[in-house]
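Let me begin by presenting the structure, written as structure tokens, before commenting on it.
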Amino acid sequence: MQEIINRAKELLADGTVARVLGWRIGDLPYNPEPSYFETAEDLEKNFVYDGFCGANLSKYMIEGSKLEGKTLVFLKPCDTYSFNQLIKENRVDREKAYIIGVGCKGKLDVEKIKAQGIKGILSISGAEIEGDAETLTVNTLYGDKTVAYKDAMLERCHVCKGKEHMIFDEEIGESKDTKDADRFAEVEKIEAMKPEEKFAYFQKELSKCIRCNACRNVCPACSCRKCVFDSTKFDSAQKANADSFEEKMFHIIRAFHVAGRCTDCGECSRVCPQGIPLHLFNRKFIKDIDEFYGDYQAGADAESKGPLTSFTFGDVEPGVTGGRR
Amino acid sequence: MSITANEEFRPKIVAFCCNWCSYAGADLAGSSRLTYPADVKIIRVPCSCRVNPMFILRAFEKGADGVIMCGCHPGDCHYSTGNYYARRRMALLFSMLDYIGVEHGRTRVEWVSAAEGVKFSQTMNEFVAKITSLGKNVRLEDLRCRK
Amino acid sequence: MKSEKKQAEMIREISGVNPYKCMKCGKCSASCPSFNEMDIKPHQFVSYVLHEDIESLVKSESLWKCLSCFACVERCPRDVKPGKLIDAARQLVVRQRGETYLSPDEVPELLDPELPQQLLVSAFRRYRR
Amino acid sequence: MQRIGVFVCHCGSNIAATVDVKKVVEMARLEPGVVHAEDYQYMCSEVGQAKIAAAIHEKHLTGVVVCSCSPRMHEATFRKAAEKAGLNPYMVEIANIREHCSWIHKNIEEATEKAVILARAAIAKVNLNAPLKAGESRVTKRALVIGGGIAGIQTALDIADAGYEVDIVEKTPSIGGRMSQLDKTFPTLDCSACILTPKMVEASAHEKINIYTYSEVEKVTGFVGDFTVDIRKKARSVDMTKCTGCGVCQEKCPSKKAPSEFNRGLNNRSAIYTPFAQAIPNVPVIDREHCIKFKTGKCGLCEKVCQAGAIDYTQKDEIITEKYGAIVVATGFDTIKLDKYDEYAYSQSKDVITSLELERIMNAAGPTKGHLERLSDGKPPKNMVFIQCVGSRCSDNRGKSYCSKICCMYTAKHAMLIRDKYPDVNVTVFYIDVRTPGKNFDEFYRRAVEDYGVNYIKGQVGKVAPQPNGQLLVQGVDLIDNKQILMEADMVVLATAIEPDPSVRKIATMLTASIDTNNFLTEAHAKLRPVESPTAGVFLSGVCQGPKDIPETVAQAGAAAVKAIGLLAKDKLMTNPCTAKSDELLCNGCSQCANVCPYGAISYETKLINDHGIREERRVAVVNNALCQGCGACTVTCPSGAMDLQGFSNRQILAEVDAICR
């Protein structure tokens, strides 16, 4: 971490960048937050990069691009896909960003720790970016507990897209191969269900939705200046959630709007306060796109046309595809 | 879904038809007096690519029991490529509806040319029969919209 | 005895033919190998059904002179198929006589290896309705 | 809030018989925004239109809903009427309660309920309509005629005479088309070449006409007034500027086994050929499939004998791109294939021929030099049988459902010509009906019977059986005598149905012009706009639109020319104002819309935007209204909903959805 901080201070000092976009120590040991740093002191005192820094900073560069001078931004390998996609859509200015690709050893989910019955967390060791800890030691009000690092990892890290940064100016740190699950296994499990079961499953999950819009706000693909769900143009402006349809409509349309653009960064599921596995919508579209139109990874480059803005003469017919059980 | 209600059940069906082929096909069905149930109501759009998935979900939200989209045959689009995009969009949307457990068959895409009055009426007859057999749409309806 | 109207309807139902489609081209009669032995000619079958004069049709020579070769059925440009009409008329007579006809599952029992294949096929053609 | 007037049309009894129009009026009154509702017998009539105008004035209407026939029929009519009365024409919407309701439903209660809902949807839409103003686009003062037969030639001549440039694209090596293959024409029996050739010459000499023979339309883009067309000039292998048309190459060409297209394959031609002696241009082409030079690399005889040095084996296909304001389709017809009509033994006997083949046999330049003889043995026939309606008027899947229209007349012509020239030949015609509407047409047919002794038999032929002795046994029926007829014939002539030339399908697709189940191009209105395609700027000439004889074809060709001239005479066209429009405040500038736009109508500009007090430079989409055709592909691609389609906006369509599902 110190290497990162030192490099940031250098770049600030020599005027290469006007500010640093990174993670600031939070009020709890596991909730760092995205933040700008403009001084060496601030960096030294408050910058953090550890296992809890899951936040994808690429979306913040939309605003960052509008600021005077360059911004130094730290991107994990998976975040670079989002950044590329944002370049493709002219939402960020590559010239305004100085990208340091940082290493990643899998990001942690405090909910997974809590789910193991661990309460009253005071501090956590083993989450540091240095070292190769296999276990986390959680110091709690009730004494020390240990959790295997793997068991506390975010879902997305189990299906990691890889250790490579798709775009960067320089790289710092090593990444670790954390992939130990099939990306589409969960989607396939649902696909195999009977319609009633599918419906019951999503009904149960989506009825938890409180329409806090966290998923939308964090999503690097959901970068519209004004969301259609806040717009009067569709008569779909937010209403109170009196019924289950609202969130279905919202989540289907949200997934549809990002279809072919979603890099599967998993931020939506990470931030959902209700723990809804929102990535299952996006991943379904990704799976369908791969199957119908050939493998496609959004953000792998910044030029190619997305699958929904291109076609072939022999594309599958709608409905025929829906017939798969 | 009550089975007993099925006997008097008259489905609400929204059909999006592109102006150049399918709407004309529906006109031809009309001028050829080829009947299909009155449950089908057609909305004219310039091209199948004008059909936003939002429109389809909205129809279901408001209580439609089935939604069908008709366009020119692939290759015959008045705007040359519109229906190709529509085809991809609908393929994904329908797959998603399937995925969240909406009964298969509540949505349909059919390519109907201006000359296919017969096909138009046949398609609508089939679709109405299918929706009638599926019964009322309860999985996507916003109950607040029900009168 | 049922009314003529009913009978005409029966013939249409059995044959599946819409006699109104006839454009009176005569290709059926032109194709018919039994034309000369018939008192009512194939192209006239249609008018008899249209005019609901089933009595005459049923009493005609033609009823039993038709070979069911179906040349008229094949060649009719309007899908009217007079051969099917006369076949239906024969059916009507058979039914009125109270003769029962076979159901498909009774057939295997009655099969005789000596029976010419063609006879079976033609019997099926004739009695399948 | 709009002030909407609802006008329910009875369409005589077309609507009123199945829809309770009074009920529709009554229900419409309850809808929001509706301040006026009435019904009338014929809303499209002058009186009906006047009612709309009166209501617009008296009730200060801001929107109009007409519940009537399809908008494809009378939307323009009602919009014009509203415009005259001072209302923006795009404040008018049509509820289609005829084609989509009264004509297909029998139950009055059901049909009325549906009509009410359709009206409701239209009212809901109009509530959200906004006045739109049509833009302008320029007109390229040049016409393209596809097809160089009599229809295309006539159209081109008429357009050129009005002073506009015309290009004719003909896929064969010469203009002239089917008419050039005919021997004599009914009902005057003048020789076809004698009346056609002068027109061909006139067209080729006309300073405003440019003829591309041996060429095909490859690609069409653009729209009315401004089409861009790629024409493929196939490699002729002969330099048109050098060739003198002396014909020596054809004489000397050693490859003479290619079936002559012009003579319907009844004889052969050389590999380098002009289809016929009067061909225009009189420049041969090398048929590379049959040319020895192209097949083996050896030969090259034509090059040697050509004194003008016109032979060029290296010639390549050439693509010419040209702009046109109007396109006339005149692709003509061919006879149907007879492989499904085995009973007439066409494939079994050389002496069973089609009428078009008979034309070639009768023609002095044909395969038999004009002598009527059997193709099997060259003997003159004694008995000839003509069979009518072969493949026409069929509702089975073998033939065409329509009447080919020209056969009755040309058969009478053939019969008469044969009886005139060979009085000892017996001619029998089997017919279903003799259809001879037209000036001097029935008289013509009667002459064949009364003056020339042609034996007309009402009845069809069931079978033609070639006999071992070379005779054809014809089994037919005489429905009047109620007798079956068995007769021997030396030749049988089949009045084969005609169908649109197969090339029309591809052309129609390129032009996005609609086509019916029989591959005839659809006219914009069967009665009122018979020479226009529903696709603006595309006109129909000749048999590509429906069966026609020569005088009708020429008349229609002229009519199509007039329509094209009417278009070319305009300097500017009003464009469809139902185009896409981007909301600058919502646009992300993400470029996805431009990716799907088929017209390249969307570009991006960096603009200073004031978004509720936030001033910043933003990259936003801008739609070029002259290019945008209003398909709406961009609107669905746009995730933020910034892109919307005027006249079919998101809110309008959602309002319709809501109204229907209510």
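Order of writing sets the labels: A, B, C and D. Residues in every chain begin at 1.
As a working rule, a residue touches a chain if its C-beta (ideal position, glycine included) is under 8 Å from a C-beta of that chain, and two chains touch if they have at least 3 such contacts.
All values reported here derive from a predicted model rather than from experimental measurement.
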Relative to subunit A, chain with the most remote C-alpha centre: C
Distance between the centres, which are taken as Cα means, of subunit D and subunit B, whole angstrom: 31
Whole-Å gap separating subunit C and subunit D, where each centre is the average of the chain's CA atoms: 43
Rounded Å distance between subunit A and subunit B, as computed from the means of their C-alpha atoms: 36
Of all residues in subunit B, the ones touching two or more other chains: 53-54, 58, 75, 81, 85, 89
Contacts with two or more other chains, residues of subunit C listed in rising order: none
Per-residue multi-chain contacts in subunit A, two or more chains: 228, 234, 308-309
Interchain contacts (touch definition) - all pairs: A-B, A-D, B-D, C-D
Footprint of subunit D on subunit A - complex, ascending: 66, 88-91, 223-228, 231, 233-235, 257-258, 305-306, 308-310
Subunit A residues within the subunit B interface of the complex: 187, 190-191, 193, 195-203, 228, 234, 236, 242-243, 245-246, 248-249, 252-253, 255-256, 259, 281, 284-285, 288-289, 292-293, 307-309, 311-313, 315-319, 321-324
Subunit D-touching residues of subunit C, taken from the complex the two chains share: 21, 23-32, 35-36, 41, 43, 71-72, 75-79
Contacting residues of subunit D [partner subunit B, same complex]: 70-73, 96, 98-101, 103-107, 110-111, 113-114, 117-118, 121, 509, 512, 514-517, 522, 534-535, 578, 596, 598, 629-633, 635-637, 645, 648, 650, 653-654, 656-658, 660-662
For the subunit D and subunit C complex, residues of the former touching the latter: 343, 389, 393-396, 398-399, 430, 432, 458-463, 475-477, 479, 482, 484-485
